[in-house]
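The structures come next, written out as structure tokens.
Two complexes come next, and they have one chain in common, chain A, joined by chain B in the first and chain C in the second.
Up next is the complex of A and B:
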């Protein structure tokens, strides 16, 4: 018996070694390097020179707009996606005829499997000067600008992440025992009351999962503001691309990256703790 | 309710439809439709840059998918019997690797690898035998694959682990009781049950890697992946050629998704 547990332990170690090495070299090491860099000096030609200074962290205010934008657009975008996604998920899980269910579900998932780059790019067409604005012009609303506005960015966010929000909510509504709904209405509850007191609370794990996935992706978003915000609405991601690839200020960029990671660790852990306490169910890991 | 659903589906598909429609534009201007033709498909297909970028993306995505499903599955299987401090450590690493934004992974990998290469290259050059050219480490395929795999491997671990959690333990015990070797138990009992999760993880890894722009943008070095090519074309000004490439990518992913569905269903039938 002892012999076997020993060989078992060996097997576990062998199976975990590649993953462990990957984490060490591709996650831990790079994070340590940017942590060190964030306290260093910028070399005269750009890049990094050794040293120890807190000036980059003190200087974060120079990119304050990127932080406040990200921290506003990420929650607002998440909430908007939720508002658009929930009724659709509800329709798919509870209302729709079984015959069309699969095909309708596949139609929601397909965009998720296709490039966000290409899908966002489509909106440059639609919101650009020769798209919707020219139609509005023709109707009589002249000189409406749509692209490079906050609305365009929010539109891009909802469009891009809708499938990711619909799917977990759908799964938790689908799992919901339909006889609860019947029981609720048999006992004389109005449809509204049934929804608020039965359906919504039981679908909270899906809502929590969807919101978390979308929020995490939005915090690091680069493409949508780059395409639809046109330099007016920019996120931390856009500031980082600028700092690393254009002005080559690596230490300052590292300080921003570290700050972003810390903000995310705090918000996501708080969020997970909160949802777990409130609904006793928390984020459903099997949905991820 | 129904009208709402139709509106959302229109919202999802009209932009895609517009890309497809404009890819058949006969005119040279991206935003004016002047008759239909397939000339831009011809142009895209005969453009060597597009072909190279496609091959690069394909090679990277396939390698990422294979590596992540192998390593992710192995780790998921090992983690279920790991307890104590190591388990907490791995759970933490998995959490951080899926939560950290892609852009930070890209930046951190770029900075770390450039630093490591700057350190190693002179050493390599000095220990290399005289007369022959020492190999020079640089960013390229390997760095993109390594950075993508960090994220996709964790995805596979999460998916396979969820499947293992829902698995019937009694079957494994029965198999052991009937004197099957551990390997045989794995191959004939565990694997068939977790197979759908592995396949889904493989597909998700492939798609993630093939579509990723931001990580590759930082760590691809001189190589151009398809999303990088599309991004820089859009920056230079949109042409119908980009629409043609986009349409082909969309059709490609659709075929892949349908094949996967079909394969899964065939498997279910044979059971």
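Up next is the complex of A and C:
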């Protein structure tokens, strides 16, 4: 017995080594590099030169608009995705005929097989002057502008992130024991009350996971605002692309990255604490 | 919006008409793809799926691959295909919207590029940073130094060594959709006035510090190349003031101009030719208060993985006949006197390719210091994030 547990432990260590190395080299090390860069100086021709200065952190205000844009669009985009995804997930998990379920699920996944870049490029043509606006023009709404507006960016976000929101919610609704719903209606609850007091609380883990996935990815988004916002709706992601790939101010870019990581750690831990408390009370209420 | 056909997506009949024109050879494959929108779709798909690239059986000593970084709408795809057919080298094209973006990639290292196309003002800095190779002219027999006007070809030589050969020269002005904007703007000052008034919401500026900041500087009566802190602050203020009136900030402005959303844009003269070819109301303006005259070059980065293919590729495009057939598609004039002598009258008398001398007198070549000037870099970045 003892022999075996020892070899087990050894096996565990061996199996964890690749993951450990991966984390050390792909996550910890780059983060340290960025942290060091963020205190350095911009080299005269761009890039990084050594040194120690806090000026890049002091200068964060120069990208205030990017921070406020991201911190507005990310939660709003997450909420919109949730509002669109929940009914779809609910329909797929509870309402739809078993025979079509698989086909419909596949249809939600299929767009993911094409790169987001290409799908977003397609939207440029759909929302551009010769796309939807020309149809609107034809039925009498003249001069409607869709592309390069905040609305286009939000639409792109909901379109691009929908599957990430649908699947966690779908899974939690799928696991939901349907007899709870019958019990609720047997006890005289209206469908609305059943939804609010049974279905919704029980699907909260899925909602929380979906929101987290979408929110975290949105905080680093740059492609959708660049393509559907015409470079006028500027996220932190765009500021970073700019600082690393155009103005070559690596230290300032690093300082913004570190700040973004800190903001994410704070918001995500607050959010987790909030949803964990909520889902706990939710479970308590529905099961007690 | 008006009811003319340019505002509508392509119709089935128009598509078939263009297709037949293409089959008969009266338009090039590139034009066909451009008009129907298939070109963009294919370009995006091809880079996403490298496995679909044709494999040639006779891949010789040049290898089967070449990575080429250039600018949008700057080549006749037929000539690139011809090169692939003749040599077995598949050309993978990356398009960039600014020299600064190219520099950033090369500075970060590991680009895998074999040939790229920088502009006159950057070459000296690339040499200083040790990012490009001295060219072995014996491998470029089609290149004739004597037939290139030194005004254009000069920057290729640094400290007596040749690091580049010229591709094309051109001007940076602006394009106006004269059906939408009827006031006939003539200067950068007019350009920004129209942007903030009658044309509000329909102007495109480049995502490129040199031309966008340069345009604002000219509008304020300063040099296109200024690195004076006060003048740059004024330019930044003008750009930020105009930002709510812009349609987009992008160097790939043809799609926006073609869709009818964009009415006016900072524009390189070749793009103007391409736009006017399909949409006659597009008018190119060399601004009366300044602007840019430039030469683009072929360069080989240090450590290019397919060096022999790179030389073969550049050599192919130094052939005067190839230069002329390329120019007929992209609309930029060659610097090579042999090619200029070969070009048809439609090119040699085209005022977009060869503007009148008095219009060119106010134009400036980009200056080396603008590439690395930290204030210009930050002005551009903070304008975009404003």
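Assume the second predicted complex is superposed on the first by the 270 of 288 C-alpha atoms of A that agree within 3 Å, B and C clash if a C-alpha of one lies under 4 Å from a C-alpha of the other, contacts with A are read in each partner's own complex, and residues count from 1 in each chain.
Methods note: contacts are C-beta pairs under 8 Å (C-beta built on N, C-alpha and C of every residue); 3 or more make two chains touch, one makes a residue touch a chain.
Everything quoted here is computed from the prediction, not taken from an experiment.
Once chain A of one complex is fitted onto chain A of the other, the partner contacts of A:219 are limited to chain B, with no touch recorded for chain C.
In the superposed model, A:244 lies in contact with both chain B and chain C.
By the touch criterion stated above, A:143 is placed in contact with chain C alone, chain B being left untouched. Of the two partner chains, chain B is the only one touched by A:91; chain C is not.
Of the two partner chains, chain B and chain C are each touched by A:118.
When chain A is checked against chain B and against chain C, the one touching more of its residues turns out to be B. In the superposed model, A:57 lies in contact with neither chain B nor chain C.
Once the two complexes are overlaid on the shared chain, A:131 sits against chain B and chain C alike. In the superposed model, A:33 lies in contact with chain B only, and not with chain C. Of the two partner chains placed by superposition, A:271 touches none, neither chain B nor chain C.
The residues of chain A shared by its contacts with chain B and with chain C are 115, 117-118, 121, 124-125, 128, 130-131, 244-245. Interface residues of chain A facing chain C in the complex, by the touch rule stated above, are 42, 44-47, 62-63, 65-66, 115, 117-118, 121, 124-125, 128-131, 134, 137, 142-143, 145, 147-148, 230-232, 234, 238-239, 242-249. Contacts from chain C toward chain A in the complex involve residues 1, 7-9, 37, 40, 44-45, 48, 98, 100-101, 103-105, 107-108, 125, 128-129, 201, 207, 209, 243, 246-250, 255-256, 258-261, 372, 374, 377-378, 380-382, 384-386. Within the complex formed with chain A, the chain B residues making contact are 1-2, 4-5, 8-9, 11-16, 18-19, 22, 30-32, 71-72, 74-75, 77-79, 81-82, 90, 93, 96-105, 107-113, 115, 146-147, 149-150, 153, 157-159, 162, 165-166, 207, 210-211, 213-214, 217-218, 227, 230-231, 234, 238, 242, 246, 249-250, 253-254, 256-257, 261. Put simply, chain A touches chain B in their complex at residues 8, 11-13, 15-16, 18-20, 22-23, 25-31, 33-34, 37, 48, 84, 87-88, 91-92, 95-96, 104, 106-111, 113-119, 121-126, 128, 130-131, 159, 162-163, 216-217, 219-220, 222-223, 227, 237, 240-241, 244-245, 250, 253-254, 257, 260-261, 264-265, 268, 285-286, 288.
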